[in-house]
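Alright, structures below, take your time with them.
You will see chain A twice below: alongside chain B first, and alongside chain C after that.
The block that comes next holds the complex of A and B.
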């Protein structure tokens, strides 16, 4: 228990960094996943093929490799930098890698949501003169989102837990990194271990409850 | 006749062919629909009636022949096609109201997003149309809260909101409980009286006799017979039509 109190400030700082990382990645992967699913259902064969290829390649690549690519490939080889501050730069590289990866799962969740929307909805939209993009954004996607809020919650929870993989890959100081330091200094301490588990649950559990509640509230009655 | 737009037919189909794979669904269809005309299409299931309807607003493409709408060939894609569709209303058997939008939003979406009408103006017009089809009191509800007959009347209001040159009805009363059929037919009869150009796939003889100018009997992808409603129902010329009529009459 003393250990937990002693390391609490470090753990808290790491925890907050983690919350920040998770929030940015959640927003980016939702946006990117929506773009990807739009490509996958578009009437343009080139866009469909590109979307499908991207999803199948990235979704089936281990996250550690995606992160290694974003750090080593982009940063070291291609010299892509987001910031002069190395800490901040590595933060954004992790954001990029994790978002590119999570977006594929968002895309697939949304695609199963689109499959729950009856064909007649798109036909009625086209019949009043909406373009493909208008039908998609005003009629199909809003209904698809509501159908998959709970699965999207699971995708985001998995993403939050994946932030620790990002750290294990060694690119960012946050909870798991602090955890490693702490464990190195103190040996594995059960209270600290439990403290970190609880910290993660503080973020992920409410997401599960919130999305479950929203899924019921926003369900489209047919 | 002079260059008067009203003199040209609204829809002209010439030699229209359509296949689904190896299935020949429309065979050399020749059909003209005049402005203000109410055309009823009748025939056995699978005969190609829906496909014919959907070909006219190009929800279905055709393999051969031409379709002219308002004197111009149907656009193939893009903005021009969307504009054509906005000029041709469509009412489906299964209503297809936008499930996540209120009744009023269903009716105003097209005018606002396709025509660029201001929201307040679209809502005012939308309410007028909902009153006209007898659904004014339900404007804030969602489609699933309405009966089938009410939903179909909203679907008609949604089509009317675009000020279409014509409305296509594909079996608008077939999915309804019997007691709701008449309320929808009454709205359609009203439209016919007001001079709306309509193509209606239906087996409702009462509607055909009261509102239609012409009946087209379709089977196996072909137009088999064309006549006035009274002649068709009392004096069908072809065996195919007589046989079909005897079946729906004994129901």
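The block that comes next holds the complex of A and C.
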């Protein structure tokens, strides 16, 4: 317990980095996931194929590989960098890798949401002369989003937990690294581990409850 | 995809066809440009040099590095899967127990392990093992235990959902013919539940297989470790070719497993061995509402 109190400032600073990563990645992956799902249901075969290929490849790649590649491959070998400061460079590399990875799961969730929209809705949209993009953005996607709030919540929770893998991209500031660093100092400490776990639960459990509640409240009455 | 059964857009008329063709052209150009940009970047950094791709034509790269790495990954995945399935079955059934003193602790354990970020759990076990068990190499033990506890908790939920998906009449009928609790579970509920939850179990095994790559971070010698650390160290500069090769192996393995899950799901949908509906993999799809005809817009 003394260890937990002694290292609390470091641990908290590390955890706040996880929160930052989560917030940025959540926004980016939701946007990119929506774009991907629009591609996958579009009338243009090339876009459909590109979307499907992207989702199938990235979804089946381990996140550790994606993040390690973004650091060792993209940044170190191909010289794609975001910033001259190594800390902020690796932060954005994690954001890039984690968002690209999570977007595929957002896309899959939304796709199953589109499946729940009754055919009549799309037919009616077409009948009043809406184009594909209009019926998608005004009729289909709003209902699809409301149908998959709970699964999207699970995707976001999984993403928040995945921010700990940032260490694979050489980002040495968030909880997993701070915990490892502290263990190197003091040896294994159960209170420190539990403290970090509880911190994650304080974020993830309310998101689970909130999305569950929203899913009921915003469910499309049919 | 057939042109007639589409919901989101009509069979195109002349104007829409023109628009589609223009869009196709633009999309093709954009994708080709993106591919070219990658090619040019590789070229500028000398990633197409034969020297760094050469190692993958040598048999030893495969027999000495990639295959041992793959075996390391498969060993962790196999052990993790076995223990996760045992954990999942035990705790899934325990959560359905009639006794509160079994049900509540089982529920708490499952919910806790599901909420812990897997990497933190693996790190913790990795540092805990030497102080409890003495010195030694605990990478495999930490990785497998972490994978088994986390995926086992997810599987426990799958098992619980699978048993609950068997219609209530089945258990009632089983009790009516004089079976006891154990018999009802073993002879009636579980066999039907297993068929229903097979697809969800296999999808979770894909997650487990992908998560074995976390072993890389604690220096477990798996495919990722050979690809990102050992091969580039032996053949200087071969990092990107190695990453591409092992990426293809991972994607191939996982796609094969996913295909198995899809096939199992189709089979169990028309199976008459069970009266339960297939269990949806956790965190994945919600039940499809429109069914067959919207299939066309998403496939």
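Quick notes on this structure:
Simple rule for what comes next: the second predicted complex is superposed on the first by the 218 of 222 C-alpha atoms of A that agree within 3 Å, B and C clash if a C-alpha of one lies under 4 Å from a C-alpha of the other, contacts with A are read in each partner's own complex, and residues count from 1 in each chain.
The rule is short, and it goes like this: a contact is a pair of C-beta atoms (placed from the backbone, for glycine too) under 8 Å apart; a residue touches a chain by one contact, two chains touch by 3 or more.
Small disclaimer: the values here were computed from a predicted structure and weren't measured.
Once the two complexes are overlaid on the shared chain, A:146 sits against chain B while remaining clear of chain C. Touch criterion met: A:164 reaches chain C, while chain B stays clear of it. Of the two partner chains placed by superposition, only chain C is touched by A:45; chain B is not.
By the touch criterion stated above, A:126 is placed in contact with chain B and with chain C alike. Applying the stated contact rule after C-alpha superposition, one finds that A:221 touches chain B and leaves chain C untouched.
Note: residues 118, 123, 126, 222 of chain A belong to the chain B contact set and to the chain C contact set alike, using the contact criterion stated above. Interface residues of chain A, counted against chain B in their complex, comprise 118, 120-121, 123-131, 134, 138-139, 142-143, 146, 220-222. Contacts from chain C toward chain A in the complex involve residues 1, 7-10, 12, 16, 20, 23-24, 27-28, 31, 41-42, 45, 47, 112, 115-120, 123-124, 127-128, 131, 206, 210-214, 216-217, 224, 228, 239-240, 243, 246-247, 250-251, 254-255, 258, 282-290, 293-294, 297-298.
Remark: chain A residues 40-41, 43-47, 50, 56-57, 60-65, 68-69, 72-73, 76-80, 105, 108-109, 111-119, 122-123, 126, 132, 135-136, 140, 147-148, 150-151, 154-155, 158, 161-165, 167-168, 175-176, 179-180, 183, 187-188, 193, 196-197, 200-201, 204-205, 222 touch chain C in the complex.
Interface of chain B with chain A (complex): residues 57, 59, 78-79, 82-90, 92, 94-100, 109-110, 113-114, 142, 144-145, 155, 158-159, 162.
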